[in-house]
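Contents: one structure, followed by commentary.
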């Protein structure tokens, strides 16, 4: 029973930790499916987190915070679009630039505006997204097996958690069941085909990037307004890159993305849980190994040792019609 | 004397609600009382430490106080280069005649909050969350375990946030660790983790449990949800350094401050009055008296890198 | 004459410094098939892409059905009933046929209805025109012929009344081409207007009603097909009488220099492109490989030169065998005296961003003549490049100029100079004069014959039948990855054409 | 990285356009300064004065520039071979391991001039090794080098934490770093060179590894434009098909180029460790690997440009530190923003202003632009 509880707790923690990864990963899915590489997920999440917490604390509203997080994050996505779509710049370089600008400006503006070492003021509970307790969650807590699953795992998360997980089927539906999705997938494979079909490649890609911005904005808001009660400098701490790794791991598919993010979140949860405790057979696993595992797994995947990850064909290449 | 004091913060930043903020408060108090302004600087990388120290020294700043053991390497060099300048470093011993090294018996204060934690706990399980895994923080943990066990706790869950300085500034991870500990049954959680602690206190409050703050009085961070704070009078150290320099009474050497010297303590204020009943109050006061009297000797983890509790 | 379906007036278009279309006027009557011919780079695709809204003209006017039209994007063109099958297919390879057909012409924000509608519409088109194709097949799994059919379906699905086909037969077998032409005639009968771009004058004669000729960006003439001849068209295309035969003496073939044995090559999709081919080339002769583009010639050349890995096969160079299935690399073959002028000079034979002199050692950069230890001997390289420039009359005569700034013909000469001046025993040349103007063609042909006369073995692959016939001492015809026949230089065009179309020898004799 | 546009004179291409890009980056940065309520012009003055005003500032500027020369060269070497090595950060970081081991082992027995060459070799070897795996995976398995090198940055960080909180750290120490190196592993300063010009330097970490950086810049120039290997790298970088045709082994050239790139990235670790801190500490690379991208882009992949761009970034770092001292509202993070803006405008948006410049040149003298002017009479 203790083991069962421990498992539930680790899974609960897994959910919380994988949400920002999942949102960022789905964000990356939109832009990469549209043929725009995005290593600027990290930066967009960071500005989202900052804008969210800062405006939530200034306007005393979680929803205004979320709105601003999305707005600013979309603005950064559009900068990426301006560089890589309109001016056909190198997408990697543009992503790196965005990460730099995000890292610097959040700390600097935070310090200048709030003077708390780059932190925003601690958010009050109405400035954050609190947990939603599902009906009957407390009542069934005692029921063996299903009780804890319902009351711990399913109920009791913030609204953004549910948004993240609902975004998975929604993204799948958008991508594979709507006109927009068809076009996004097409433009990531062969932009010329989209162009000759009478659809604007640039506008399509911009729209995909807006989706990316919205999702990274929510991811950022989750970090600063749910997981934590305020913004702290560099609070993304590489999550954007892990999300990118998860995206590759998921082979650019939404449902896979969810599983990849849950896996990486699970590794994180496990490393917190197991800190210093020796494992049977393996012995004490260095935390560092656990932390590096997502990256190592991704490299192994990329190397084709466990299946092959084939990115959208037009990814990373600016669409140039007239040489 | 005519002094131009300077204060250097560590990576957590000036308003970390904790250690750096305490030193800032000391300097502010000095400024308010004497009207003497001071200069300050927040570092953001290693190369800057020496640069900042040297720059202040060159500019004739004196005394120069700095918060955090990470300054030690740079100070070793600069203290020799500027023998006339008075330095004070907190949390670390730098053995130079013009350096005052202020260290604290964190184990003693931690013992007290451990006693309170155990008494406030319903499950008799309490938690400790350290910042970066270094002997200094283990010293906090060890004293806490001692106090908690003495007051009847059956289990103390201990976790560290990480191995790198980033561990001082990761509230999200702190919160996650706190949730894990609470899931494991802890209902009072003590955070000795700098900025990370903000997340710990938040998570404890969110879960309807109690947190314990550190360094500064953090009772107000989650009013009614923070049992107490293990205050470390960094503010006093900074204030004294500046005052002594002003009054030409500055001395180098080691200041080892415990309960007796008023260097560490537990914090009471309006925010936690309701949480601390008379029995608890009596027990903690008794422990404090015993420690001061020497009847209780709290083990110092750093003396032998182990914890007997 | 019937009413004009399309009228182009004064169209100009430049790409950077390249003037692809200059002041073009063209009128195409409704319900006719109009051919456009011209050499590579003449500007045919550009002109049609402007009509289709893919490119914007720098100046000029378009009217469709007698009404002035402003075509700013393919969308406008589609709305005006213009459809285009591009030279390079515009298909999403990992989509199904249906998805490709509806892309951009979805009836609804959700796909379900669009797909259902497209499915029934495709069935109708299939019935009407015999355009059979499995709507659920993935494009990349279809042969090129069917992929082209999907492109046609795309256009018809969008209700095209004017259908532009850009070199549709380049990738087709003769049977497929025949089928295509039947479909085109049928479309014409239904009143649709068809514009057909091609190099192949025979096709023009066979199917078009009117024909226009483009040369170097200008429209030089428009004729009724019945009132012109292949000879006239050819002359119009190149601007002067085609030099059908280069003066050359009899070949004095010596011993076998290059023997290709049992060569089999697959492309990246795993399709067998070269199927167990064997042949010899002797010292002092030019062997020409004729064939419709896409019948394995390119892959064969790449394999023989070591660029592409073969499934099986070897070459004998001066009697010594080299395995082509792995170990061989282009450097080794080159060291053994095999020089190669690749088909694609822009991406393979040259590095356009390099200075001319740097390109003149490409592949020979480890020759001690150009090196001092691990260092490049810059002076030696430049002197050598200047020599070649003089000898091959490469213009401008500046060995430090970026290669991209030379014209196509001069670029080709840079490659030829490099390969020929190494004094190789064997020279293999892919499309020696593709995209090269007539003056340069003559020069290149003379050089190749000079090589032969020096006792080298020369293998030439060209899709230009005239070129093959005028250069070769022996002609091998390739069809579907096999050598289907060998002829002497006296073989007639018709005879070779039948072979190239895959018609069995016996049938051909009948 | 070929330019699809018509030709500009070299000085405009390599001088004017980067300067315009840089200027725009600074203008945008000026708005950020305004946003935090400071005067951007005063900030600019403080920045430049802080970097070049005094001998001390110059020494610090050159100290920072040293690291950036290495990382810029690293990015450039890979880029000439058509590879985007975004892993300089990790390669430099992991090189600290080699340096640490060499210095800890030999600092008490060897003089610096013996330790230094050993450390150079160790740093280069570790950096090259760390680049080898992504290179191999790209060459043999087609994994995207950008992604793998990013992943390797993180893996390197974990390895270094493991080493620095583990076996490299003295048992009693709290900070995750090696003990301080003894004289045998401390590089001599070069401050006296600046003092020759009359400046007074109290102390600055400007050290002999600067000369190594300059030497490497020269060697990179020789490598790229004067050796067979460099020729092969450039060929592959422009066209992999042409390289194949020329008999250049793809695997070999990718691996060699990446290892050279990694070795250069590794060498950047010498400056902050042996030259400044005299230890190997956590996160001592602190973003210099990424700055290398900006430096290489600004410097147009040419060693001379890279040295100049590195000095520019050194100036930003040093001047930025001064800015933080002088103007409390501006923290050093301003520099991070400026870096980002420079990468954006000089890198991703490098072509944004080119058409305007071209139009300007065309209107000034129509002959100077385009190919028509130099095209001969045709074949």
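Read from first to last, the chains carry the letters A, B, C and D; within each, the first residue is number 1.
We adopt the following convention: a residue touches a chain if its C-beta (ideal position, glycine included) is under 8 Å from a C-beta of that chain, and two chains touch if they have at least 3 such contacts.
Bear in mind the structure is a predicted one, so any value in this text is a computation, not a measurement.
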{"item": "Dominant chain pairing [most C-beta pairs in contact]", "value": "A-D"}
{"item": "Per Cα centroids, the chain farthest from chain A", "value": "C"}
{"item": "Euclidean distance of C-alpha centroids - chain A vs chain C, Å", "value": "47"}
{"item": "Chain C-chain D separation of Cα centroids, rounded to whole Å", "value": "45"}
{"item": "Centroid distance [mean C-alpha coordinates] between chain D and chain B, Å", "value": "39"}
{"item": "Length of the line joining the C-alpha centres of chain B and chain C, rounded to whole Å", "value": "77"}
{"item": "Contacts with two or more other chains, residues of chain C listed in rising order", "value": "16"}
{"item": "Two or more partner chains touched - positions in chain B", "value": "42, 163"}
{"item": "Junction residues of chain A, two or more chains touched", "value": "111, 118, 288, 323"}
{"item": "Chain-chain contacts as defined at top", "value": "A-B, A-C, A-D, B-D, C-D"}
{"item": "Residue numbers on chain B that touch chain D, as the complex places them", "value": "41-42, 44-48, 51-52, 54-55, 58, 69-70, 72-73, 81, 132-136, 163-165"}
{"item": "Touching residues (chain side chain A, partner chain B) in the complex", "value": "5-6, 9, 12-13, 16-17, 111, 115-119, 122, 131, 223, 227-230, 232-235, 237, 269, 272-273, 275-276, 287-288"}
{"item": "Interfacial residue positions of chain D with respect to chain B in the complex", "value": "60, 161, 165, 172, 174-176, 180, 202-203, 205, 272, 276-277, 279, 281-284, 286, 321, 324-325, 331-333"}
{"item": "Parts of chain C lying in touch with chain A, wherever the complex brings them together", "value": "15-16, 52-55, 73-78, 84, 86, 88, 90-95, 99-100, 102-106, 108-112, 114, 154"}
{"item": "Touch list for chain A against partner chain D, complex", "value": "37, 39, 79, 82-84, 87-94, 96-105, 107-109, 111-113, 118, 238, 241, 244-245, 248, 286, 288-289, 291-292, 295-296, 298-299, 302-304, 311, 320, 323"}
